[in-house]
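Two complexes are shown next, each including subunit A; its partner changes from subunit B in the first to subunit C in the second.
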Partner chain A sequence: MKRIFLPLCLVASVAFVQSCKMKNTTSAVKGDADSKVYVAPGKYDEYYNFVSGGFNGQVSVYGLPSGRLLKLIPVFAVFPENGYGYSEETKAMLNTTNGQIPWDDQHHLDLSQTNGEQDGRWLFANANNTPRIARIDLKTFKTVEILQIPNSAGNHSSPFITENTEYVVAGTRFSVPLGAEDVPISSFKQNFHSTASFISVDKNSGNMSIAFQIVLPGMNLDLSHGGKGPSHDWFFFSSYNTEQAYTLLEVNASQKDKDYIVAVNWKKAEEYAKAGKGKKVPADYAHNTYDEGKQTATSVIEHDVLLLDPKDCPDMIYMIPCPKSPHGCDIDPSGEYIVGSGKLAALIPVFSFSKIIKAIGSKQFEGDFQGIPIIKYEAALYGEVQKPGLGPLHTEFDDKGNAYTSMFLSSEVVKWSLKDLKVLDRAPTYYSVGHLMIPGGDTRKPSGKYLVAYNKITKDRFLPTGPELAQSAQLYDISGDKMQLLLDYPTIGEPHYAQACLASLIQDKQVKYYDINKNGNEFVTMGEKKANVVRKGNRVDVYMTAIRSHLVPDNIEGVFVGDDIYFHVTNLEQDWDIPHGFAIKNNPNAELLIMPGETVTLKFTPQKQGIYPFYCTDFCSALHQEMSGYLRVSPKGSNTPLKFGTGETADTSAQK
Partner chain B sequence: MKQVHLLASIVITSLLIYSCGSGSDSGSQSSSGNAAGDSSMVAPKDKTADQALTDAKGKGKFTEVKLTHPLDKAMLAKGKAVYDVKCSACHKVTGEKLVGPGWKGVTDRRKPEWIMNFVTNTDEMIDKDPAAQAMLEQCMVRMPNQHLSDEEARDVLEFMRDNDGKN
Partner chain C sequence: MKTLTKPGKISIVIVMLFLATLWLFPLWRIDLRAPQYPGGLSMQIWLNDLKGDVPIINGLNHYIGMQEINKKDFREFIFLPAAILLFILFGFLVLLLKKKIYYYIWTALFIVIACFSFYDFYMWEYNYGHHLNPHAPIRVPGMSYQPPLFGYKKLLNFEVLSQPDIAGWFFIGAGMLLASMTIYEWKKNEK
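And now, the complex of A and B:
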């Protein structure tokens, strides 16, 4: 007993000593943090949290405050587990003028709004690499539209919206020549442009269409946000590299003391576009839409776009000097304050919308940037937050007149007052915070309850998993004077911006299954009686049904090497959460998940003869393991007759 | 060493006892020697119990279904269409069991109310109704809730009645 007790004491004291020395969150988490994030079994989270996936090209959905992952929505990346981007119905979603691009770099999200408040209808997502904007339907959590953006590269300052979702914007991070001109890179100043695209969103259907593109000087548009209330008609983009460097930007784009916030009066732009001040130019881009009735996506290549040149459109654009390569460009809930965050600045400038309007009226300009008037810094400035921390990136707002800015270099969230620009509180993050998010924090009606910090560096936060680690997120309670760290959790991909809304806004609108009688898929099989296999040349259409726990037909013969076989699988179930999977041995394509009442098509072109089992990949019932069948692929030119069925057995003792 | 050995035996023994005893809730009081011959999975043949299942109306909103004589031709046709899309994958119109039981004679085995409750209130019926639970033990697949409307359920009932030669 004594002997055991002694080592125990040693262990305990060593642990104690170590915990005192280490600076980790164990010391940072205080009080009742655990009870604030505990969502009991069977209970729901208070918020849906939509998080960009960065390099995974997807959007993930978490519950808050628990931090539980609820879903991964494939958007710009193929998703073999459910067939997105592989099935005949969804292939077209990823079509571009450069063919199918099955991946992207997804940075920012914005939830649709009405009167500056979240309305729970759609979620917009940007693709940074191959400029695209996607719209996700929040009734099905499916990507239903993807629009390519021509005359752009690095679609970073996107997909932010105006207060009534009139427009969603795209902006060019990497200036490029318009069209496909072959020019020397060194002709950047003359030939390269950035563009700010305004994409109209249909009030009812949500369908997007490029209304106009504003042609801007060559520079890097970084982030943006729409005005609110009094600034409703305006959109604000941050910019860097107004030095117009095209090599070693790290040094050459950090020369000037100030870059600009680009203030765009989109209402004016809209008028100019209507008045015929724009120029229609040829520009090819893909517009992909998923028809929920037909359960099928189509891709249309559009051929022109309307360009607005600021030279022809006076009083449409102004430049506001902003210190040191601004990144975040965030508007407070009242619409009066515009917060620019200079990545390399030791302060945060806050601009006043009413002062900007006054300065424009009294022409308080200090020259122009390639023809665009530059408003005097002091004339636009409301004030500066002094010594906020190092490396300010992004700002969100609460419902009490406070702003929260992420500090990348000093790894902290800094809370400050919009009223007097005084720093009120600091909370460390682990580590190197990028974006942060308050539910509704970029709308007129923010919630003042939680803040999530999305960190770029994880290091020792979780059990190590080799050289590559999950990105860490941290949840803070911001309801009191001091921010309280509640929870640390790993995320998927690389989260950049995120959105969150009250669960009650969308949870009751969820589609639970598709009414089989309204299934408009061209290849639906309405009941097993209609199951069929039809050959036309070397195309074979298999009209297949799935229900617990069999497929019809489950024996198919008379197809040959090199045939294009289309398996149109209709899930006959009419119950929530009973998808069926479909997979074929050696199919290089993908597998499918077919939701109840839905039809999805998987193409298979067998390269070798043989017997190919196929089966359901989503455990659906006690007899799921039995839910399978065989496809016989005969050599090309053989005369195996077409034969298919389910449940028919033959006396085959004589058969070879 | 001896003590440890003893303890282990006790643990193992009690585990054994526990697993024997938990085989059936109602049988836990009976002597373990009898366990092998007493399987709770097989219901005792009891004619009054069978009759009770046949007379049951099930759980759901249908307490009184008015039958039409002669059969309603329009309902019958609609019922057939519903059957083709939502039911035929698992139920034959003969007595042969496919995934679920064949439909021949179903209107004799079950009350019209039971049928309509089962079709429209599937999950609660499977969880609570003795006849539905007995069927689950035989078929080993929960009948999918195919979300038939009340009207569709009634149409299907007419189709079943026709299939059973009722008029």
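And now, the complex of A and C:
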């Protein structure tokens, strides 16, 4: 009988064995992480961190190391919060050849540079969906220019810049026919092209203009970076889908063992363009600029662009084989090493710029890709990082000769040495990291202090908020041999690439308010005495002023249903941080935030007769609640006289 | 013909009860864990069903070209329950006939079913892990994805743990009981 108990005991142990599951991913925060990210109230962060907003179309600004959100800069998406894209002054910023497009997918950012170092002047941002590049002025944190890119789709490998901000580039991710040809999708190979656009940036004003577009075979340009130092004249784009698939890319664009890094000698291209080797072709695209003097944006439709065909321009472009659908294409601070990250590859190839030049010189080619010479893989290769992890995506660099690569599949950051390509350290991310950012990590002078990983999946990291969860950023201290996780914080939108610079580079240049005497807005009201209401046909211009705590005029009568009423609100304040807001009841439009010394216009076309209160929406003073007024809208055809003012009360007996 | 001892008869009832748990609990479980699946993924194999995160696992596996795991593709889910059921019915017969020889045959039958099941499971895992779609997006040279038959294995970014579940342990218990009782009966026979 006793022997029966042996198997019984075995069964009884089942519960124990079942509980012996795999270990949980333990939280990796150790040591003094808290003190390293604590920025005491009243103290400033050390870095400005500009983070792309992905599908929210905006750029967010965080402080590092605290991870505090400082600002959301509206760029490619309308922003009812401050009237961007709604005010008459900013509507033109979002104009395209297809009218106003209120949204875009904002992926990458690049801070302007001089001699390969951040100069704190401008921030460039790309729009992936409707190809555009924006320039943000870092004195005002305002979007001041948006340039549409013709002959392209999926402007992904953008807006990366050359070392002196000579050019900002755009590259096609979704190849399309040039011009407006109506061709079958299946004629991809013959008719579809990708283009690499070089947009010149004026040294002083920052104004952008498309210098030339290089026409490339149909493929997907993914990411890019400009050369540095010895490789200054070159730009490198990663590519995938050199299989030229046009359906089920997930499978069909993953068949070849190698795609290419496209190396473009932009100095040569510039010479060819100057020498008249290009072809000017018709192409419509919008060029929108915000004039800070006039405080108004204008949109101009340009009509042609210069195309460079590699066939007519020898020695301008070379292809370097790179394993398995490369994604990131990153250049080390010395400008010698080009890191391609095959997102499906089990290694990271590192190419050597000097070897590439040597290979070109000695013609070590292995054929061509639609006419573009392909350099032999081994001839361009410096070495491969073996077993780095799974799904390498992006690489940033520190100041000590190390590279940091994000691993999407194995969800980690891997630190490796540029010298011997040995893996030095790995740190888990929570979860599925995309881009990485080290302040100055893509310049000649990276900082070696912090690294931020931008994660796609957050699952159990924060309090749950229904099916849609925040994405996240994770801050690591990289000053020691081992990376140390310091902070985990949710982000808004989907962060892709980011930039960061020392706060000292821009904090003292900030505009605090606009000088009212320099206000060049066509509709400015220079003082309350100038406040006015002017009718011209069914257009009514209200010249309104705002100062604590009243609006002039705050009673308006004699406007009718169907009138186009333009409220030009001038904020007369001349002190920092005293904006006024402006909103009208039942206005199917957004509100305005008007900075001190600024004039902004809100349009209202009333559809119904009635009394419409309007008021200041930005708590400006102790009497903010009193800062309001009334608009009387009378029926069409009625004879209510035009009347406006502030502080005038009627004799009540006279009204009866 | 020697008759069964009393412990032998009791063991028949216990074995039948142990095997009945196969209809109540899963037989085997495969747990997966990856960084982006902090709670892990789990698949339970029942006598006649697959449960757990099968759709999620299928979704992941398509990247590396593994076939979809589909309940309909397992003939085992028909003949395995039938075999176990027949085995239990045969147990009643052994209990009724009370002869040692039938107990020995019954044990042998169990060993045959168990060996075949493990072989079948192994072959399924082998085919599943090796027969990859050559057009899969991710192809790691030299890599196959055969899950472990029993125990732990690292497959790309996933840790995989394969082990018996509750009914599996009862099944193993039944086997051990049968083996030890057969020896017990054999030794009683000699005396």
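Keep in mind that, in the parts below, the second predicted complex is superposed on the first by the 626 of 656 C-alpha atoms of A that agree within 3 Å, B and C clash if a C-alpha of one lies under 4 Å from a C-alpha of the other, contacts with A are read in each partner's own complex, and residues count from 1 in each chain.
The criterion applied here is as follows: a contact is a pair of C-beta atoms (placed from the backbone, for glycine too) under 8 Å apart; a residue touches a chain by one contact, two chains touch by 3 or more.
Owing to the predicted nature of the structure, the values given are computational and were not obtained by experimental measurement.
Counting residues of subunit A touched by each partner, subunit B versus subunit C, the larger count belongs to C.
In the superposition on chain A, A:Asp575 contacts subunit B only, with no contact to subunit C. Of the two partner chains placed by the overlay, only subunit C lies in contact with A:Glu412; subunit B stays clear of it. Residue overlap on subunit A between its contacts with subunit B in one complex and with subunit C in the other: absent.
The touching residues of subunit A, counted against subunit C in their complex, run 1, 3-4, 6-8, 10-11, 13-14, 17-18, 21-22, 24-25, 250-251, 254-255, 344, 346, 390-391, 409-412, 428-432, 457, 459-460.
Contact residues on subunit B toward subunit A in their complex (touch as defined above): 84-86, 88-90, 98-99, 122, 140-142, 144-148.
Contact residues on subunit C toward subunit A in their complex (touch as defined above): 7, 10-11, 14, 18, 31, 33-36, 38-40, 135-141, 152, 156-157, 159, 161, 163-166, 169-170, 172-174, 176-177, 180-181, 184.
Partner subunit B is touched in their complex by these residues of subunit A: 513, 515-517, 526-529, 545, 547-550, 552, 572-575, 578, 621-623, 647.
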